[in-house]
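Two complexes are shown next, each including chain A; its partner changes from chain B in the first to chain C in the second.
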Partner chain A sequence: MAPKEPIVGAPALRYEGEAKVLGRAKYIDDLHFPQMIHGATVRSKFPRGRITAIRYGEGVPWDEFTIVTWRDIPGENTIVHLLKDHPCLVEEIVNHPEEPIVLLAHPDKALLRKAVDAVTIEYEPLPAVFTIEESEAPDAPVIWNSEAGDSPNVFKTYLMEKGNVDDVWASADYIIEGEYSTGAQEQLYIENNGVIAEYTEESVTVWGSMQCPYYLHHALQLAFALPEEKCRVIQVETGGAFGGKEDYPSVIGCHAALLAMKSGRPVKMVYDRLEDMAATTKRHPSRTRHRTAVSKDGRLLGGEIEFAIDGGAYVTLSPVVLSRGTIHAAGPYNWPNLRIRAKAVATNCPPHGAFRGFGAPQSIFGLERHMDLIAKTVGITPEELRRRNFLQPGGSTATGQLIKDPIDLNGMLTRALEESGYHAKRAEFTKTNPTSPIKRGIGFATFMHGAGFTGSGERRLNSLVAIEIDDEGSPEILVSSTEFGQGTNTILCQVAAQTLHIPYKNVRIAQPDTHRVPNSGPTVASRTAMIVGKLVEDASHNLLTCMRASGLLEETYTPEQFCHAALAYKQKHGELRATARYQAPGDIFWDDDKYRGDAYPAYAWAVYVAEVEVDTRTYMAEVKNFWALQEVGKVLNPVLAKGQVEGGVAQGIGYAIYEKCVWKDGVMANNQMTNYIMPTSADLPPIHVLFEEVPSIHGPFGAKGIGELPMDGPAPAILNAIEEATGVCFNHCPLLPEDIFDKLANPTSISADSSQLQPAVAGPVFSGTTS
Partner chain B sequence: MRSDVRDYTLTAPGSLNAVLSALAANPRLTPVAGGTELMVALGVGRLGPHELISLHRLKELRFIEEHSGILTLGAGTTFTDIRRNATIAREFPLLVQTAAWTGSIANQNRGTLGGNIANASPAADSPPALLVYDATIELVSANGRRTLPYGEFHLGYKKTVLLPGELIYAVRLPCRFAKHRQYVRKVGTRNAQAISKIALAATALMDGATVREIRLAGASLVDRPARLHATEAVVLGKAITPELRTLAAAALASEIKPIDDIRSTAKYRMAVACNLLDEFLLSL
Partner chain C sequence: MSIITFTLNGSQVSVDAPPMTRLLDLLREHLHLTGTKEGCGEGECGSCSVLVDGELVNSCLVPSLQIQGATVTTIEGLGEQTHLHPIQQCFLEKGGAQCGICTPGMILATHHLLEKHPAPTLDEIREGLSGNLCRCTGYMRIFEAVQQTAKLAEAGK
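What follows is the complex of A and B.
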């Protein structure tokens, strides 16, 4: 019979935890192949220009080196993502600093470093742009142009409309405008990007630290002009990713493979922290402009939102980051009328890419700061404003998606505010702040995050998973979904164990190897628990059906009987394998042209509350306490889920008030952990993680996505709390002490900003920051 | 690792005398104590000196002793040694605090007080505490020893009085601050493992409402660890009044020269330095 205790929902031990704790887990730099040599990259030191000469300096035994340029690429010179504009190696025009131009390999790593420094590249400079504003300026140089783009320097635009917003302005009691912006953020996984490549008998194999083996598999086919069976990608133990190993492994993977092909030996490429921070992707910087029509009782009548992100020099994933940011820009609110214009622009920075949240943290930051401005303007509390505008079951989102799940945002807000002592603290801080040099404040953000690929994305992915019985009669899950610290291995094994009615420890999961595992899609977009988990559940059912149909397994059985039946089946038929392929739910529709319909099969909902202190002597803000309440469907593993939320909140606190990428002409100037300041445990508050569980029909046992959600809420909640504490409004993150100083110590700059005006002063029609 | 270690030589003679002889014979040798600063430069490929001589584990330099009211710390005293010493905790709490702020636990186990002083960073954590405790510093070379007030040791940005072949031998602190009001505050980029944006250390002896003695020193306020003599002069012998606090802030603003860099801005540093001074004066 089935195990008495449920496996799903219990804190099953992390599948690969023991190997990690005991140091047995092998990461890419732990692997050594016979004859293996090392690879390195010669990069541009220049934002934009035409290469006029490449010189190999003296004092280096160049004949010992393998040297690869774009001319050595057997297939297309491209790193394929959505388009093919991103070259594998520069041919003539450099479009950003740190762009790869020449690859070198040598057995001696230290000598390799000297050789990289000995290559000089001469350029004829071309004009460059580095920010959204510079890229969109009327007289901006055209740095990117393609038939696929919407206009010069623009990778992608979206227009999303609901109702008719043009009609609301005349009847609005208040019209409130605001502009909000966010900076780049480095993923800062513990393990830098790294791969080993081997090229033998016209086939290429790459082992590496990565999220999406099939992305690199696709990139290799194009760069090497090889059929898919001649390309093989194997994920090894991966030390963190956060989106930073979604698309970038395609770059470093192709590079190492080119060196392996030319040298005839296995080639290892592992970046050091300086190179990883300077050259690989980061979160897109963004700008959100809001113009909102509100009634005098605080109802949103309509809004216009302009959302722009800086994509860097090539398209890479920017259109899909923009898409998620656009859809999440409206938040969990009821908008009768709305127009969102969104664009991703080109700049001469290294391409920005995937990072936990994928566009949503940017637009949610803008909206949740703006909601507090609206509340202040109308003269109601931030809480009351949200209560009057929350989406309700039966309502529809900004894309027109009907809310079918029984969500209760009012109830969640009530719980989060109670757990955090919000009202009592607000009253206390109002009393104590005037006489204290330390100003305390409490603020919150309410938001949602869609699970799975946007719109018709899951249909196109067409994911497949398999379960196979191994020689000991244990089921082994075959998926391309990867473990990089978030718990994929564990939750998928839990789902299979519970469905198959066998103990958790009896289930195995295969190392992701494109020669062995089917394509269950990339490990991104908060999709693994819900989409892949559901497929594992389906495949488990299919396996049982198959075993029962053969007459080898009774309706009820012990784990031993399962094992015997499985082995008996295998002996008789040679193998026992069941699969499950994604099938779009019948009631999910999406219109890619109009950007209307069911954007995601399910959403996670959350209320995050931050308590802060701002010291008026040092202008430093610190988060002193944090409450994270979320509804994520069934919690598959409470320990891992809590860890996901705590980690996401910590990363969000970094995003809000610590982590600033300092740019100098497209170059990250602080590409060291000494000067790129991520918060330490001494900077982080207690994080209270609270769950509500409303099972979703789309995920296994009712689970939804959880991975990205915790990144969305901290930054606006913290900046809302800082405004509560100081009475001054800040609309950019990261917000550093120097920024707080600039406004607090310089009152004239505050009064010039109309967002500081009180409603009584502003009059009934309130127009904030103008263009 | 961006350096090729084969390009470097490291000798470890094992005794202070042998080190001093080697330094006298070869002025190009760069002494290395804990190596916490040097290893960072080596890792990123920016370590200039190629001939290194190790002071690590030289017993002659690693000691803490008290004689007739003077506490002497050998230059090889680690920050962990400082944090664990009961006399220092009692007599010089600011030094314990600044040692605890220095780098990580691993850095504190390796890094030495002498190395930190010789590295001469204007942002270093411990020098302001040493300055407000009126430290003297003893230097040693093959030619002998000399002692001078620590306040005269730093000559400019990363410039010190150390001559070729000369090492820091010890730092001496007079045990006479028990009755002083003591203050130190570091404003770093975060609460741990951070380099100072600015820091201010202070000791003052009060006589009723009057400031009888005062010493102020800061980090990252000028190009070197330095006392703030002009500000001290304004406060000395006076009672703390709102007018005096304004004058003190003005004096401080006139004598410090903070800079814009990757960690902060000059105007922020200026404002925060004045705020910290005011916080200290208000506490007197």
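What follows is the complex of A and C.
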């Protein structure tokens, strides 16, 4: 008999929650191995140059230290991601500040710090570039070049075309241009990057805080020239990741393993906050340029979008970040004609990497700010502009993907604006703002986010999951999908429990260990609930089929009968295990060359509304209230889903008005929590989370992806609201008080900026570009 | 080295450690209580929060010599596997813990807040927890957990 209450859709308690609230969950820095010593990294203190000498200073007992340089690497000197341009340790040419050159290990942490400071790197400087503009300048020094890249200083380009945009300009009533940019953002997981490595009998094992054990597993095989069975990676409890532990653990993991190999002892490497913020990846800075042809009744006739991201010194994941950003640059709108040119450029900053949203928050920021500019120019409300251009079922996206799901963006917009009291507030603020030093505003953004790997990505991943019966007769889920706060453990156990008709508490999930769990793909790209969840559902069905075929399980059964049948099967056959491998849906087609087709199996859709106040005396902007309405398919666990959205919105508010990375020649100058400001409990407004559920055939019980979506909307919604409040247009995030001061306190800068023009004087060609 | 004697989670302990050892390291490395976490090492994030004589402190900023004779409570002193402290139970039920790394500090901060304000307003909660950073939750589930704990305590009176 099935449990009476449904498990999927109910607030099952977090699987590992008890250990976490008791403080008993063991994170990497909580583990101690016998004979373990500590590792540290000597890094470049200059952006680009040729190393001429490495000097080990006096006053340090160097003979007690394990010292590793690139010469100690048994395999290839590379941290493999998409290309092999990223060295594990610098051989000769340094390409960014904080680049790893020498590794040291010693039992005494305090002495280790002293030793790191005692190593001097002598070098001849080489010219460097630090921004997109510097990298693309015609006279820029070539800092990166590879046959695998597109051109000097360019890692990757995409060209996406729909219709014929060249024909639309002549017939357009308005041509509206704008330029938008976003800064880097630090993931700021509260637990820094850390690993422990052990090397014994020519095999290497790394335990660590990470999202993707199989990424590090692959990186180790290349760096150590070892076969896969000699490399083992085990994820331990991970204290936040947000993309920041997608690619970077391959670096720190290989480093610790090299020190373990040379020292013959287990080596722990845990970064402190300063090192983690200075040396590890951040969200790519970006620039989006729009040129849009619009009819006088506010219909998008066509557009040209140029999207550029700063990838830092090595390719790492930039091409895939660029890909997601490119596809999301067109938003949930109907574009009859469109051309998107996108590029990821090289600079001499530490490589930028994955961060929740993965390129989409950047390009969506540009588009949703631009939509408000278009509305203003045409003389209709931001709401009306979107209503006239929303994608509808039966319509097609920028990649030509047919919208099959019964999505109702108009209905969602109506609901979000009603819930937030948008119209009444807009009217009220218009009345009160002229006489108040505190300007209030309300704005919104409408957007979508694709779930799963882009295009043919899931087909290539070829994910596999397994379910095995343990010695107590309980099913145990075996996946490489990791828990780092999002709820992976809980939702996958819910899906298995509901499918197997047994209580949630009877299902286990294994610690991700590459020796034990199959590769269910990386834990990224809003793919775990939808793609891996579906595979867990399939594997659960396969398990039941197997048990029923053996005659041990009736059509209906109690949890006790399930357990007895499972144990009986195990006794008879030795083991009871079922698997499920990803099968690409038959109706999904993607052309990698033309970038056309079904970019994602399913999208989540959202309308986010922000209410803000800008104090014209302090130039401080604050978000006073926030509504997040989204359609994410079936909500598997309402408490966890709400938590995901609220946390994403909080990071989005940080992205909009608090979190600024200050760069000085490729070095993050504010690499500490004291002066890189993330929102505290006192800074955040109430966040009202609203769901609509349109089940998708692609996910378990109709679920779609949810993790990245909430990062996309807050920044444009907030800056749209700030423009409503102040009448001044800001097109860069983060927007801190000093940035607001720059424009508000300097009226000449406003009048010189054509984006402040009112529609009546805009004329047929309207440029929002400030320069 | 010097002998530091204090009351830890109800029991007296003596540790031989350099007097400038951070209380955080004394707990984690000398006493193997790893529930107290290091997030930033500069008193900004609150992950290492513990109670010293009932006051909430960042243990990364406290030299051990300062706790001579003091009473220290860490997350390990709050609840047990078989019997979670009500704050822990409410954090679990309301989704107040996601990745869990800030959770021990956040729970101790909540304990401290509820001692001062047994029925806190939302503003008092926002203010009371503002020294403890959480990157996962956006704090909303944590606020609910705190309110739920206060409500249970009120009902249990």
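By definition in this document, the second predicted complex is superposed on the first by the 765 of 771 C-alpha atoms of A that agree within 3 Å, B and C clash if a C-alpha of one lies under 4 Å from a C-alpha of the other, contacts with A are read in each partner's own complex, and residues count from 1 in each chain.
Definition applied: contacts are C-beta pairs under 8 Å (C-beta built on N, C-alpha and C of every residue); 3 or more make two chains touch, one makes a residue touch a chain.
Quick caveat, the model's predicted, so the values are computed rather than measured.
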{"item": "Between chain B and chain C, more extensive residue contact with chain A", "value": "C"}
{"item": "Partner chain in contact with A:A427 - chain B first, chain C second, else both or neither", "value": "neither"}
{"item": "Partner chain(s) touched by A:F484 [first = chain B, second = chain C, both, neither]", "value": "second"}
{"item": "Partner chain(s) touched by A:E738 [first = chain B, second = chain C, both, neither]", "value": "first"}
{"item": "First, second, both or neither for A:D272, with chain B first and chain C second", "value": "both"}
{"item": "First (chain B), second (chain C), both or neither touched by A:Q651", "value": "second"}
{"item": "First (chain B), second (chain C), both or neither touched by A:Q672", "value": "both"}
{"item": "Chain B versus chain C as contact partner of A:T680, first or second or both or neither", "value": "both"}
{"item": "Which of chain B and chain C A:L402 touches, first, second, both or neither", "value": "neither"}
{"item": "Chain B versus chain C as contact partner of A:Y189, first or second or both or neither", "value": "second"}
{"item": "Chain B/chain C common contact set on chain A", "value": "272, 672, 674, 679-683"}
{"item": "Contacting residues of chain B [partner chain A, same complex]", "value": "1-6, 40, 44-45, 187, 189-195, 197, 262-265, 267-268, 271-272, 275-276, 278-279"}
{"item": "Of chain A, residues touching chain C in the complex", "value": "11, 13-14, 16-27, 29-30, 187-192, 237-242, 272-273, 484-487, 639-640, 642-643, 646-651, 672-674, 678-684, 686-687"}
{"item": "Chain A contact footprint on chain C (complex, rising order)", "value": "28, 34-42, 44-45, 47, 74-76, 79-81, 84, 88-89, 91-104, 107, 125-127, 129-143"}
{"item": "Contacting residues of chain A [partner chain B, same complex]", "value": "109-111, 113-114, 272, 274, 437, 616-620, 622, 658, 662, 669-670, 672, 674-675, 677, 679-683, 737-738, 741, 745"}
